[in-house]
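Both of the next two complexes hold subunit A, though its partner changes from subunit B to subunit C.
Our next item is the complex of A and B:
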């Protein structure tokens, strides 16, 4: 596939899943969002500002920065929440004491208008896959250790993400007004991330698929 | 630009909650506004394949017309067959029944046709015909949909050519692929077709176009595919047809449940060694199902094949019956002879160049018994025919006698067939030389052929690569019946090996995806110690490509794509080899200047002399740089040169002189071969015949000649290295006799007796029972590069200096293949230095880590 792919891997406890995922997804989106574009005449535009916000985690010793856009946060929380529910359901089904595995992918794509017989293509240019290992902990002390360890790990991952993003690599070209929908998600009021979708998938430790791949398209103009 | 807009203050209508008004004026951006739709193409594999196909099919219109006609042809084949079977009254045609015409007694063709209603009733009543019609109808619809889809896709590619590459469809046939490719590489910088890399290399494009073909070539190279069979009575034979190939590809690459997830990536579970047994089982059951499906569809495919063959070949056979006796390169041959990363047109042009020599070679082997029989049969048939024709000329009513016309036709065919068994009177029997010329073009050949060119075994094996057209058609015809059994009984057994192959030989290349690791042409990983890469290769026997495929492919790719920048190690290998070849060429030149110039009288003598001789200073420079050079190849290069001499002298001359003029041009190939551009330019200034013909086509012609030379050289070196003795042949000695220098060589080498009777067959693709013995380098560190600075001051007589150099190098244990070293000692050492690695056992790599690693 003609797209970059980055893989992150974390091991967390069941109740930390959503916070860890939120931290990572939000960090990536923070760097993949711009302010709203305001097109002026003669093909120029100016960029609005983006606010940021510190978020502290409850179950992890960690805080992260996210775009201060409640709308965006809501969308992502919903996706992550579903993922977490699936994880928990899986663990219940497998019985306690087993470790689960799951994967969230955050895919940035670009739309390409096609001629009539074909529908618009969505061509991904960057995919972040976050592999999650859900572990079970026996006692409170282990939880405490885990709390710190996961915090450290997440900090590493954040630096990792920033390093990747700082590389000079392909980004879609800045679009003209008519094409802005092909590159950016313009549905949000206060921020404008690159078009993205979040998909997730749950597997057990054996690697076979338990539930069929759950796909969720957060944003796809085709559906609108 | 921006400053201009700064001055125009204007308040925007949009409201901001978080930015003070007016701030946006400080930062005004101009969108890239790149309307080009060619950035970031999703499926680059398909894209490049289509770009290549469109180029090969000479533009959009040609392709469109071709496809339309194919569709029409399909309709015609089915329609015409049904018509012939159901709507013709053969009784009328054969005049068994009389037509009751009132006006005339002439029978016309329309009389033989049944009326429409009778006809359609007959068709409707016949279940089998209806079945065939329905099947072909579905098939045709499928083709039609595919066609429409293709037209849409290729329209896109067409606009890519015209808008992005700036090539109009009209002039596309006159561009070479290398030119197209160069433009693609160029526009990558601007459009970023592939997003992983800033710049695209030629190798990336080749990898994408040839991803699956490289796998197939590698599998044939490692003898993984079941294409060799030993049926009773027939002896060993190769059976590889289009149907079989289609099924292989279906199973491995794109069919439902194939090993590949998408065109660019192998499924992850196949990259892990953990559950290989399970996967092999899965693959085996898939092969079984596909085999059964083939078996069920067999009647349909068989009928189709027969119909198709009948309609496409009857006309040809009637026109020139001899064409069935003609030969063509078999499908297996094309796979066996193909380099890694070699596009179709490159392969075809190479094989076509070898065609003439190959058919000559095969014609050497006409059985004398058959010849005698054929001569006499032809005599009798000819006399009968002559009488019949004479009678017909006298009175053409003879034709009206029953079967006279048909017997004339049959006798004609019979004579033509017989004639093909009677050898040309002027044919000279020189199989060894012919085989060498063939080798110069086809580049691959099992070791045991050399020196055994006159034997029937060699001929039979060569005929597996170069088969009769008739055999080809026959194999295609029986393919639908045989294929399911090959799949079920032969391929299924290999499923574990196949799984292992894909796991071990797949690498993930950034920006390309999963490719066959052989196609990386990395001498270190897949080199074969017996093929020039000793000391450089770290491959186990399992990993080595047979027949010097890695090395030859590398040379081929480097020569056809002079712009390509290989990794440093590879560059070293290439330049070293080129230097060696050039050194041999310059060293041995005096021997061949005469012969070459005498063959081409019209050419100014100085040109070729200059080219082949090269300035002595340059030769000494090469010696200084490469201390490891030994004198193992004087015979090799004289072989090569004689092989080359029999190449088309004209084309060589043309390319040489024009390359001289282009010496300042980009081609590194020309730089390597042409010693010094200035020398050559002054020399060639006299001939203006080739002025202005500096096209890349000429360069590619030149490149193929150079590749031939390298192939001969590598093979020769390999032969010497592995056999440990120089087998000489009479024609060969005659060649050398032309020159004074070579005679001295022979004198020096005279101690060894020629012994061509004991060939050591060692090819895995042409398995022969004798175990292989591959001498491998066990010499210590590579020789010091600065070890021979003194040599540079040596007198310009390069021939002498070579000897001197060889001596000095031989002393550090590396130049042991030197001709003067006694045979036995070398052989022992060679055996002792055998590579310790063995083929890994089936079970041993069960828990190996996956062999997938990133290659940048």
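Our next item is the complex of A and C:
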């Protein structure tokens, strides 16, 4: 099975990174979350109810819908926050006026049980890569324009996400009770998203990774 | 196609489609309420949450949806549409978007109804939740209030998109294949949200007046849940951000007209043909009837109330024009029509403001209605009579008070010193005719013309000149005697 890969790209200001990432990640997770499964006898199960919540962005003229789950929101915010901190750290390291680029990946996977001593295999079936271009703006007028433009762009991205989702391509089969943890994240109390992981990578404008850039900075410093 | 379906599957499918249609309407309408929606997730299934989504059912909306469906289901050639429109307090409306739930003939016979179709319909509802926050109407709906409200209309049958204007965009929310056809959910939304009627702007310059903002505690749901069976086909566009300017200009010359329970004014909207006309919602698909009316200051853009904004005999039609300017010009026109003689005849009845000593500045009784009328520029004043331009000769008087340029002599009303001036009773502003009525006036008159300084008179000056010359040597001697003292003083200054 080939993993389905989708790429989204947005350009935002530093303070908009959080909200832009939250908007897109939550929109994807809204479609990739179900209610909690309650298995009954004879292999049947019932599904809980997923609530939704409107979120208004503070730095972007945009509103989005997320799953009503504070636990899930905390996990996502933590990951997005780390991503944003790395982006800001890179910009600080490179100096003012330097644009940065990062990529946050939301990967949905299935676990495949392996025999001992091998560990379980994680097989991705859908990967969403969100490329973020962090720009520096000179004045408030540019920020206001950016606020509106980013809102429009995020709207387009939501439409793109919905379009991909509604192609109804591969989805893992509904698991039995014993295999539910191989398909869904059952750690949350109120909702049950498909197993996912969030990874990110930061690059500077030259396309090199943060580690390479930091290595070069340290070398230059020692050389002085 | 239907014969391949088991009766149970057919029954289930019909039920799924029916409740999907009802939930679709709920999601769309609730997304246009203007409020943030929040529903709770529940780990335990309640059994009443269709498609495993917590979507509340607003009874009025469900009732309207069922009424529109009339026992039918969306099918091939039978689309269910939810039309979202904007309606101002004046009754003018504009279609913003149309959501269409359609079905085509493309069937997926292999799909499982009770599982796959159900889950995909659930996914489609989630997509609808996301997309409803993305279209332009969402931002408008979040800002609805006393200026405008968002309304919905549900209809069944053929899709009508003509009211969306030119260049409308379409976004497809998603599709779900079923054994009887493919369900498609899409949205067509207006992109051109406005243009201003330039004719209206030429006549009415927007005036930033005082905004009378009567806050009315209203339930936005109440506006949205008005059944709209008759839709006013829009014949004009409304520029939302400029409504505030129009609101001010209207307020400047029109008294607020209370209609219904509302107790505030609404901005008028523009009609390309006539700014004072509004379209009365006609029958569905009919041409709205243009009736010259005052702008309707209605709280709610309701069909019944909008129709009550008919020509009001008690409120005269005000010619279009800037409010205050029109008023001022009309009054100045009234002033112009009065001859100076007529004005003089009315002199003794007018009230003179403080520090007014120019009897030639006359105002009509009509113009006294103007605030601070005495200081208003009077067009009928001619320069010949204007003492500021040609000061009158000082009248000869035995009083020690010398005449100034504006002197009128002392005391009471008397004969005019010149033909151009009329002596009037000088009544200072804020002085009352009681106790000591003339003290202030007497004081003012006396000190208005102070006596000439003695040193400035010719005799005195000439006299002092001679004396100065004579006394000069003596003064010089005294200064030389005290020269040491003067030098010491100068040293202290250094």
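A few notes on this one:
Criterion: the second predicted complex is superposed on the first by the 210 of 224 C-alpha atoms of A that agree within 3 Å, B and C clash if a C-alpha of one lies under 4 Å from a C-alpha of the other, contacts with A are read in each partner's own complex, and residues count from 1 in each chain.
We take it that a residue touches a chain if its C-beta (ideal position, glycine included) is under 8 Å from a C-beta of that chain, and two chains touch if they have at least 3 such contacts.
A quick note: this is a predicted structure, and the numbers were derived from the prediction, not measured.
When the shared chain is aligned, no partner comes close enough to touch A:137: not subunit B, not subunit C. With both structures placed on the common chain, the touch criterion links A:61 to subunit C but leaves subunit B unconnected. In the superposition on chain A, contact of A:88 is made with neither subunit B nor subunit C.
Of the two partner chains, subunit C is the only one that A:34 touches; subunit B does not reach it.
After overlaying the two complexes on the shared chain, residue contacts for A:53 are found with subunit C alone; subunit B is out of touch. In the superposition on chain A, contact of A:190 is made with both subunit B and subunit C. By the touch criterion stated above, A:169 is placed in contact with subunit B alone, subunit C being left untouched.
Common to the subunit B and subunit C interfaces on subunit A are residues 35-36, 38, 46-49, 51, 174, 190. Considering their complex, residues 36-46, 49, 52-54, 115, 120, 123-124, 126-127, 129-131, 133-134, 138-139, 142, 171-177 of subunit C touch subunit A.
The part of subunit B that touches subunit A in the complex is made up of residues 2, 5, 10, 12, 14, 16-19, 23-25, 27-34, 37, 39-44, 152, 192, 194-196, 262, 264-265, 269, 513.
Partner subunit B is touched in their complex by these residues of subunit A: 1-4, 35-36, 38, 40, 42-49, 51, 110, 112, 115, 117-118, 121, 123-125, 169-170, 172-177, 190, 207.
Interface residues of subunit A, counted against subunit C in their complex, comprise 27, 30-31, 34-36, 38, 46-54, 56, 61, 63-65, 67-69, 155, 158-159, 161-163, 165-166, 168, 174, 189-191.
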